[in-house]
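You will see chain A twice below: alongside chain B first, and alongside chain C after that.
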Partner chain A sequence: MSMRTGRPARTGQYLALLAYLVFLAFPFLWLVSTAFKPPRELGSLHPSWIPDEPTLANFRQAFGEQPLLRAAGNSLLVALCAAAVAVLVATPAAYVAARHRGRLAKAATGWAVISQAFPFVLLIIPLFLILKNLRLVDTLTGLVLVYVVWSLPFALWMLIGYVRAVPSEIEEAAAVDGAGRVRTLVSVTAPLLAPGVAATATFAFVTAWNEFFFALVLLKTTEKQTLPVVLTRFLGAEGVADLGPLAAAAFLATIPSLVIFAVIQKRITGGMLAGAVKH
Partner chain B sequence: MTSATVTERSGRASPTPRPGARRPGADHGTWFLVLPALIPILVLSVGPLLYGIALSLTDAQFGRTRATRWTGTLNFQDLLHDTLFWESFRIGLLWAAGVTVPQFVLALGLALLLNQNLRLRWAARALAIVPWAMPEVVVGIMWRLVYHPDAGVLNETIRDLGLGDGRDWLSGLATALPAVIVVGIWSGLPQTTVVLLAGLQNTPQELHEAAALDGAGAWRRFRTVTWPALRPVALAVTALQLIWNFNSFALVYVLTSGGPGGRTRLPMLFAYEEAFRYGQFGYAAAMGCVMVAVISVMLSLYLVGRLRGGAPR
Partner chain C sequence: MRMRVGLAAGAALALLLTGCAGEDRSADDGTITLRFQSLAWQQESVAANKQLVEEWNATHPRVRVEYVQGSWDSVHDQLVTSFEAGEAPDIVHDASDDLADFAYGGYLADLRGLLPARLTADIPAQSWETTTFGDGVYGVPFLQEPRVLIANKKILEASGVRIPTPEEPWSWEEFRRISEDLTRRPGPDRYGVAWPFRDPVSATLNLGLSAGGRMFQREADGKVRIEFTEADAVVPGTVHDQVNVDRSASRTALGGGGSDALPGFFAGRYAMVPLGFSYRQQIALQAPEGFEWIVLPAPAGRAGLAQGVSPQTLSVAEDSPHKKEAVAFIDFLLRPANMVRLAKGDWMLPTGRQALADPALRTTRDGWATGVALARHLRPAPAQSVRGYPEWKDKVATPALQEYYSGGIDRDELRRRLVEDGNLVLARYQRD
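Up next, the complex of A and B:
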């Protein structure tokens, strides 16, 4: 920005930015603060930002009271499977859709938009009945299936963009050099496409890791429930003393998505892609 | 999710098809590549949607032994007189607009700030990840801690400032919906900001400089240069947020479960209870259909807006 801005305007901008920072940060800081507070401090009428006597007791209690680890294991398993299957299934289709511009790509992107508009309730009732017939209700397999389908339109949408960012001239050049179709795909296209595939898989993973509604409806057995569902069982008529473990568990559940997002944020926001396409 | 818009837009940004490019028709190999994606979508997405619409015309109930019968439009007639549903629908629209509009204004402000050459930009970018990456359930739990009448930071701040004793925000009849809306704004702010920022960075810089040389003030530059370029992106992101918010479930489920006295019972919460607490599958499906109808109207507004905004750059 080469625009010159006056000093008072600059100050105003910094104040505004500071206000945004506070608004974005304070709930999370409070969560962390609550997670490290002993029950006595939680019960006091004047809770402070920084715990007087920080403790890990809440974390120990959180693991003791609810099967958090098992739930995290379930979440991890479901999210990994869903992401892997979604990418395996979507990448070839996205390749075809991107290289043969036309009806297929349009249909894929169209469906991606339309599927965003479904209220899940209209989807979950029939899905519940279908999965029940297949004896997949209350199984992690059923949930993986639902997550794959749920993330597919979006994965296709992302991947089509990434495939288009790989210039087809490169493939044509390889073909001219005598490389076969498969050889071209494996040794030329795949490496260029890999970062995009990774980004799509990560996104599918985070989506599945965070998902709550389908898991709530489909999983009834405690041992099979995923992390978000188990977390809501901390809720209810919680006394002040239970807030600590609740905060601790919620904090832990955020860490995986947070780390992943921090790593791939740039790619997800599409900046890299836009650049790749333009030049 | 919103990055889809960005990705798709940049996808379109690639050069137009080269005249000499090979365009083989759909041979067997092609179908082999497409089917693994197509079959699950048809079986578990398109199919269930049609099935769901069909269910809305039946008296399907969960766990009933008697066969399900077609009842025509009976569910919809019942729905028409179901004041509780329409109340929930009204709350849903209030919530969707109440979240989307302020969120857009705040996000535009933040995007404009981030587009400036300010220090601390990195901090805002880093912080913006937090609401985005968090599971909705955790966002809900976190804000319950903020709003907690005794141990919450909001009431504590109010007490510190000598503004009274604070209140129980999430169970007060008057405060529950506004309190929940604030959470909705917070959680969607980063996505909207990132999309708008991407849009801003696509506005032609030369025009900006020319306008500044002509002596146009900041507001005029925004109105004549920035906004026209940003409009299609703004329309798209607002429409998508409206739809997502209207369909949202987890956040409010965790915060209030629809209480107090139904003041925050969004249509999704209502339909969920109808289907999985009372087992009224047919009736809940009819509710879903009505929601789809409303959303389609929103979606068509979005498409019309996009078409009118011209082809995305």
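Up next, the complex of A and C:
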């Protein structure tokens, strides 16, 4: 049965969607506008969206004052590692938890949800001491480890949902057709799980890319600091900020996340449709 | 094919993880390495700090200082964790109002006996008080900023009001009357003053010293109690009446920070804005072409121009195995000429007497001379060493003062909250 929607209702829906998009995009557009404004325009009582005298000076100052490229490189490395490891660990665990619904699986799922309730300020000092004993303080490896541990419960919880959405009958059918366990997992289950894995990897990547406090506390050497930590150097005491360069640097910091979402979004949607429609 | 892709992905991951591995920082050649965490953030200030570290390293090959960049935004949490885990930098840059817990917690070295006589003598006793907790001295106060009135020069001159100087400042009553005069200008939304009081507590307490306010009274048994006397009520009462009775202070500016008030100041909406001395840097940078501004002393009360400050400090971690060398570096960093460089970089006042006498800071340009003239009136911020002050500030004083300033509660209710609710908070921190 198909639902027919009238033109006024459809127009209303689009307007509501547009309003929502504008609402979501407002902070980002303001950030972009600020990044291209000279200091005097930032002090204007009636600020405009389009800078009167657009300038790249904020970008030059941001790059001149702080090692943004090196920090972005560190962030990228850490976020990619954290996402890869989180997915590698969470995927098999999620498969087992979803397919073998014993007490252990239930306990694991429950623990994954409960562990999200701990505020990280409670964890940071014990975590720091553990990493110190492992000689992993002030290393990017230690930071990756923390991010994996931090994102793993939610990644596991997400992936369990995706695994459960793949009907076990498909795997049984493959087995009937003569496929072994590994062949079934690799050729049948894995392609159907790909959108979920991509979504989980994106989640883990963005979490690690944006994370500030662990990076601040764990990394001592200036050369190893990540982008969110370096961004705070544009802030002074009592909330005073070097607004132009801060906006320029923050604008650049959003780009990798935007690119990853743009690339992966298509795959997630495509994969979900592939799994949902019978051919 | 699939296998090859898998192997390639595994190899790439292994490479990435190898790339993540840290380096061993230890050196066995006898060279001491000190880590100096600086919170400098303005371009000139960072450059001055780095330059001074380079100069030290060039002349002290056996004691190398490594510059570590910190951030004001997160320094407390970062230091708490670092101290707990024994990984704190050797030399810690912070502010005196953040040191109490670290000093009482045993994380900072007592510098008595380590400080050179030159440095001890150069910094006045009232500045040393800001870093003295119990019997120990836990930091070297080196930069400070009074709160001043930044004024639109043309508006003030056109109004014909007397321009105050550090020698002849306005009284609080005079300031209130002049703010009313400056409000009566042609144009909509004109105000004599804008109080950017998003965080009103420290500014209220610090300016309150000028009227003889104290609010935190230490009793014979060493415990601290809050009182709200007539002297304590002068500054809050002035702000309240300017906003709610005279209408000479902007109500909307009350909820914002200093930076938020600047566009209205530049547009002529506000004739004066009380701000920290270092805000001059933002004003110099953002002011429209032809905009003229001057720096005036904050109004004086029965205690003259006294006001509280929480200077920036340099401390040494108790865990540092090289305290003597760390103090030697601090002494180098705070030589008079170097202190001037740091002060200019941060647009703040040095604490050192010799640095304050430097001609570079005696110029009238950008209001430096006014600030220097105020330096001898600066006192330790009230309550900065009182345990429980941060909680009182966040849970009691901030909402109470915000409501009072916006006209939501009267003076009696403000007094009740600050004193009764406040003493309950402090009592929890002062149990025997």
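Definition applied: the second predicted complex is superposed on the first by the 213 of 279 C-alpha atoms of A that agree within 3 Å, B and C clash if a C-alpha of one lies under 4 Å from a C-alpha of the other, contacts with A are read in each partner's own complex, and residues count from 1 in each chain.
Throughout what follows, a contact is a pair of C-beta atoms (placed from the backbone, for glycine too) under 8 Å apart; a residue touches a chain by one contact, two chains touch by 3 or more.
Everything numeric here is computed off the predicted structure, so don't read it as measured data.
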Contacts of A:Gly142 with chain B and chain C, given as first, second, both or neither: second
Touched partner set for A:Val78, first chain B, second chain C, both or neither: second
Which of chain B and chain C A:Thr232 touches, first, second, both or neither: both
A:Glu65 touches, of chain B and chain C: first, second, both or neither? second
Which partner, chain B or chain C, touches more chain A residues: B
First, second, both or neither for A:Thr55, with chain B first and chain C second: neither
First (chain B), second (chain C), both or neither touched by A:Tyr95: first
Touched partner set for A:Val186, first chain B, second chain C, both or neither: second
Touched partner set for A:Leu152, first chain B, second chain C, both or neither: first
Intersection of chain A interface sets (partners chain B, chain C): 42-43, 45, 47, 88, 121, 124-125, 129, 212-213, 217, 232, 234-235, 240, 243
For the chain B and chain A complex, residues of the former touching the latter: 1, 3-4, 6-8, 10-11, 13-14, 17, 21-24, 26, 30, 33-34, 36-38, 40-41, 44-49, 51-53, 55, 106, 109-110, 113, 115-121, 123-138, 141-146, 148, 150-153, 156, 159, 186, 189-190, 194, 198, 208-209, 212, 218, 240, 243-244, 246-247, 249-250, 253-254, 267-268, 271-272, 275-276, 281, 284-285, 287-289, 291-292, 295-296, 298-299
In the complex with chain C, residue positions of chain A that touch it: 39-40, 42-45, 47, 61, 65, 77-78, 80-81, 84-85, 88, 121, 124-125, 128-129, 132, 136-144, 186, 212-213, 216-217, 220-222, 224-225, 229, 232-243
Complex contact set, residues of chain C against chain A: 2, 13, 16-17, 19-22, 25, 35, 39, 41-43, 46, 67-69, 71-74, 77-78, 81-82, 84-87, 89, 95, 198-199, 257-259, 262-264, 266-267, 269, 276, 278-279, 282, 285-289
Residue ranges of chain A in contact with chain B within the complex: 1-3, 5, 9, 13-14, 16-18, 20-21, 23-28, 30-31, 34, 42-43, 45-47, 49, 88-90, 92-98, 100-101, 104, 109, 111-127, 129-130, 145-146, 148-150, 152-154, 156-158, 160-162, 164-165, 168, 172, 203, 206-207, 209-210, 212-213, 217, 227-228, 231-232, 234-235, 240, 243, 246-247, 250, 253-254, 257-258, 260-262, 265, 268-271, 273-274, 277-278
